[in-house]
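One chain, chain A, links the two complexes that follow: it is found with chain B in the first and with chain C in the second.
Now for the complex of A and B:
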């Protein structure tokens, strides 16, 4: 079995090496423009391996790494990893196919394909890792690859790759971001979360003697380190997922990450990178089983995650409502969805395992829908040469497939009965409703409001690009491969609907039956109707032209945190350090040496060679000795 | 006997290398370090431990012997690998430098190879020395050779910088020597395997000397001068290899008698943390590529001092940190040098932007170098891991220390990628795409290969299990 894992992880990376080297060695490698097909073949091999694992029995697959330290390569095959792995491989493969056409004329194919495939391999490593250190390799790989891909167009010379209106200033601060800034922002934000997480991993290793999530006795561990200890470890650990999944206040990097090629955004937002954070939280919760534990520290963590998730979801949805840039709108919506996944999973501490499953299947649904929308957005940007939402009925007429795919994705994702997301969202309503005894109706309220806004901006996306947006003339050519990819992606949503409604018995947990049951409740139906109403409203009136809309479009001025507050503080400290260095440098290399010079001059001035001077000195010394002796009362 | 034979190769080559024409001398010098590199790698893989007596001196000096254990082999491997790769890199770089200095390249190369090999081989022998006096002798030789190299071929005000370097490192050397002498009189020997105790005064003297050499905050001020103005191949040995040897000396003293660190642990770790954070912050303000890297060295050497305070896990972290910093910094100094050599002395960050456009291979190597420094999918990951485990073991849930160590690691990552962005990305400035020798970029990738290979079997378990066998028993 270990060979299957190796093939799955190595094939994408190895198959991308030819194109990577071609671009590294030859400055104009026109001959290598067919090599990306090989890279996609690598992704396909991963998909085959993932499918094989999907149909294997649950177990751990181990291989030696540092046996003396009880740290080994441990792959886990279980419910979560099987489905997540297949999802990742499938989406990466489809986006890879799309990328063959989308990136055809790019100037840096080697870089692109190497990091794209590294991205996929890293995510697969995260998905199947049971060992936390091995997971961390994949985790860092995700960070690195996302940095490389977000800053792919490093020359910063194409306005189409920026985020924000180029040239615009808000309160004296540039309100637009270049690709190289986007990349730097991504990796610097992630770093802030990864290092605390690394500490938590080291602490877990020290106290439990193992790094395998499934083998840690969480209950004993929690008892050993006490309430504060477990709180601290889990909190620091969760900073990793929080930054990776762009929860407040770490959300800005995700918005400026839209400077990367659209394919990257699609992959980043559906099944890799940001999903890695939520996925890791699900995996952890799956084995911690917080519903069986009575630890105040653990409960506190789940409360934090629950509310942080809900608030981020609300923030993300509101921002998306005001956004007019295609990709940034979708990015904000992803943040919102991630918040819902976190919140739903966190509810498992009171509701039980079903809450994790709800979060997980929402992730799956969201992944396909969001990937579809991004791929459509990419195609639209290609055709209209505009990052902002533009396009009227003419666009819809010319790009029928894109139009259809968008309708399917928005309808199926917003939670309109009886389409795919509705069933999961209903179950989520149920989960939040069961938290009534602990937190009142607040979670449910936040969820319903977020859902309503969510469907509104999805409708807005549809309306502004295909119906009521500014009319543009386009002359589409080609695009066959791209359309194929997003149609395939969108049709997965229909397949998923089929699974939800008939798939009982596919797994032994009966979660789908639960989804359907929840979906037939009157309260769920009410929420579904609210969502439908906001969808239709936004479809007819897609623009929010008011100061509020403007503020939302400016992301409630959150960029100031990353552009102003943090750098100002950082540069202030750096300046102090710099002054300190100058002072030490001056003292050691100027002041002290010149002091020696002064002494040396003084000593040398005595030795002038003139007799008269020597006599004077002798007389002076004798006089001084006399005076001192007299002063001290010594008589000679 | 075999290990000794391998260690003798570079020593013999040092004497012979001036006899050859520059190209031949380059390859012979590189080979002279590649062979012992394999022997130390073999030593790591087999977890070889042993001693080999060279000769015995009367009291209070004791046996001069060679000490083989995974710690020596780990250090030795790093020194050999980097010395060999930098030797290859020296050929195009120093050719450029001699041309710039209007010197007779053929003649200067003969001097250069003697000094270079002497410098590198003295460091190699230092880490295999089983006697503190022997160790001190090699320490002095390495300082003299590197001083000569800076004095002769450095940049800027090179005589001044050379003397500055000489004075500072001799403060370090004399303090350490005093410490060693007191040890000798207390124990009647300086053989590492025979010393029983290290009292407070000698420990303090050695510690202070090594803090000057490492360097810690305060004395660190010599380092940016020396590392920035040295000819780049020398910087690529000074920063990755030489300064870190202070950590090696401290480690050896610690394994004999840890009393000093045990008593003053809290004070030292706070100093180390401040030093590391401070230097990390200083990096952001540097506008000279080599000075920037020099400050990053100070920050990274803070890790070594932190690791020293963290028990046996920390010591494993110390060794791995030496290796990871060595690999990363050697690559980075060579990237700085490659820019200097191909863009005619370009080293100011103000005149660099989007350099990836012109020198993609160098830019990608720099990326791996910075990844190594920040511990992303490279051997640096293990250094951070063991430091963090050690932190938990010694200090448990001390929130302030956790925050400080995490901050140190965060800052490393931040300045790494900030530098990448400001040098290699962004709108390219108007330069021509240069053509340059393969020896300016291929050696970087050889080091990069090891930096990544060391997180996977068979190298990772060989190194870490070996270190555990030696250091794991220390409380």
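Now for the complex of A and C:
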């Protein structure tokens, strides 16, 4: 079995090396433009391996590396990892196929494909790792690859790759971001979370003696370190997922990550990297089983995650509602969905395992739908040469497949009965409803409002790009491979719907029966109708000029946190460091040397050459020392 | 004993023969020196120094006592080897004088004219030193016999001050920079190397025999003086301009390091051995280093050799200077003189700049000459400790039982 894992993790990286080296040795290797196909073959091998794992029984696959430190290759095959791994490999492969056409004329394919495939391998490592340190290696690989991919167009020479209106200033601050800034913002934000997470992992190893998530005795661990201890460790740990999944206040990097190629946005910022945070939280919850524990510290963590998720979901949806940039709109909506996943998973502390399953299947549904939308957005940007939502009926006529895929994705994702997301969302309504005893109706209310806004901006996206947007003239040519990819992606939603409804799908999972049961409740249907109404409203009237909308479109001025407050604080620290530096410089280069110099000259000034003087000194010293010793001799 | 007498006779004969041919004198002196090899485990190292001294004296063949100087070296080295063997106080004090007096002659020699002024300066202090040292040693023995503590303190201090004046420990170091600067570098190389052993060995032997009365306060005076010597030597060297002066201050600092080992004299036996091993090894470092550097002062040297010598003085492993300091520090730490050990380490750090400066001053490039060859051999001697010198420690344990 370990061979399958090795093949899965290594094949994408190895297959991307030829194209990477081609660009390394030759700045313009026109001969190597076909090599990316090999890279996609690597992704395909990964997919085959993932499928092989999907159909094998649950178990741990171990291979020793540094056993004395409990750092080993421990791959886990369980419910979550099987499906998540397959999802990752499938989406990566489909986007890889799309990328073959989308990136055809790019100026550095070596860089792109190497990091794209490295990213996929890292993500698979994160998904299947049971060992926290191996997981962290994959986790850091994600960060590195995301930096490389977001900043892919490092020359910052194409306004089409920027985020925000180029040249715009708000309160003296640039309100647009280049790809290189985007890459920097991503990696710097993620590092903020990774560091505490690293220390938390060290603490977990210190107290439990193991790094394998499935082998940690969480109950004993919680008892050993006390309520506050477990709270602190888990909170530090969760900072990693929070930053990776762009929850408040770490959301800004995800918005400016849209400076990367669209394929990158589709892979990293819909289905995989940002979902890695929520996935890790699900995996942890799966084994912590907080519904069985009575630890105030753990409960406090779940309360924080629940509300942070809900508030981030609400914020993300509102921002998406006001946003007019295709990809930024989708990024904000992704953030919103991630919030819902966190919230739903966190509810497991009171509701039980079903809450994790709801969150997880929402992740799967969202991944396909959002990836589809990103791919469509990429195709639209390609054809219209515009980042903002433009396009009337002519676009819909010329790009029929894109149009159809968008309709399917938006309808299926917004939670309109009886389409795919409706069943998961219904179950989510049920989960939030059961929190009534603990938090009243607040979680349910936030969820419903978020869902309503969510469906509205999805409809807006559809309407502004294919129906009521500004008319543009396009002359599409090619695009077959791209269309194929997103149609395949969208059709996965229909497959999912089939799985949910039959309940006897190939995985034979009974939680789908629960989804369906929840879906037939009147309350769920009511929410479904609200969602449908907002969808139709937004479809009919996609634009509404208002200052509130403007503020929402400016992301409620959150960029000032990253671009003004944090740098100011950083410069303050730098200033302090600078003063410390100068003090050290002064001490080491001026004060101490001149002290030595003065002393040294003093020592040497004795040497006048005068014999008389020397004898005087010697006699004086001899007498003084004799006096001292005589005094001592008496006292002894 | 007979062998030593014969060797001394040969040396005297060599001095006489030098009226006809100084070269024969050199050969005979070396021969006399070699005769002592079987009698002490330290002999071969001492004799290596002596032979290097004789060879470097060949570079100033136009001096006033040419021929006799080789015999003087032979006499001094025989006395040094003998000082390792004997434990008789009278003999030890005699050896002290035997080694000290010939240097009065050496300090005055020059290639053009006799250096009388510096000779007078040197002799004045040496006479004072000899008087203090002998009075101190005798007083110590007497105090030890009568168990008189206050007399012991006086004797200890007298011995200490005599030793300080003799080898140039601050604050009684005034003659050192002047003599090192003005006298002939080759002559100084003898004073700074071979002449330093006997005073310390005699002091070790006297103090070890009478150490039972040494009180902490008295050792404190000693420790303070050694610390003063380290600081004055190293800091004085920092701004000294000529190579000779740097070497003078370096000698003051090195004598401070060696004096520090006396602080461990009342410690348990194994640490005393470490202290003596450290002190002796530092004496060897100082001797080889000073011979090498003074020869370089006379005639330049390849900078590789100069670097090797400097690094050894600074105390970089695996050179000899590292091990000597390690032994000293080890002994100090385990005899409750941690602060002195820290001061020693600090001083090693302070010494880095001027030793490197020294390399630039004397490292003018390799020439094929006697002095350059001597420097090369001195530099190679620093590599003796590529084999970690536990063997040296064993020699000390055997020799000072």
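Worth pointing out:
Simple rule for what comes next: the second predicted complex is superposed on the first by the 576 of 636 C-alpha atoms of A that agree within 3 Å, B and C clash if a C-alpha of one lies under 4 Å from a C-alpha of the other, contacts with A are read in each partner's own complex, and residues count from 1 in each chain.
Everything below uses one rule, namely that a contact is a pair of C-beta atoms (placed from the backbone, for glycine too) under 8 Å apart; a residue touches a chain by one contact, two chains touch by 3 or more.
Since we're looking at a predicted model, the values are computed, not measured.
Applying the stated contact rule after C-alpha superposition, one finds that A:603 touches chain C and leaves chain B untouched.
Of the two partner chains, chain C is the only one touched by A:611; chain B is not. Within the superposed three-chain model, A:66 lies in touch with chain B and out of touch with chain C [touch as defined at top]. When both complexes are overlaid on chain A, the residue A:467 reaches neither chain B nor chain C. Of the two partner chains placed by the overlay, only chain C lies in contact with A:621; chain B stays clear of it. When the two structures are aligned on the shared chain, A:187 is found in touch with chain B, with no touch to chain C.
Once the two complexes are overlaid on the shared chain, A:630 sits against chain C while remaining clear of chain B.
Among chain B and chain C, the chain that touches a larger number of residues in chain A is B.
In the superposition on chain A, contact of A:228 is made with chain B only, not with chain C. Partner chain A is touched in their complex by these residues of chain B: 164, 218, 220-222, 224-225, 278-279, 281-282, 284-285, 354, 356-357, 360-361, 364, 371, 374, 376-377, 381, 384-385, 388-389, 391-393, 396-397, 399, 402, 405-406, 409-410, 413-414, 417-418, 421, 424-428, 433, 455-457, 460-461, 464-465, 468. Residues 120-121, 124-125, 128, 132, 149-154, 156-158, 160-161, 165, 171-172, 174-175, 177-178, 215, 217-218, 221, 225, 232, 235-240, 350 of chain C are the ones touching chain A in the complex.
Interface residues of chain A facing chain B in the complex, by the touch rule stated above, are 23-24, 27, 64-69, 133, 136-137, 140-141, 143-144, 147, 151, 154-157, 178, 180-181, 183-184, 187-188, 191-192, 195-196, 198-199, 201-203, 205-207, 225, 228-229, 232, 236, 570-571, 573-578, 580-581, 584-585, 588-589.
Every residue of chain A that touches chain C in the complex is listed here, in rising order: 596-597, 599-601, 603-604, 606-607, 609, 611, 613-615, 617-618, 621-622, 625-626, 628-630, 632-636.
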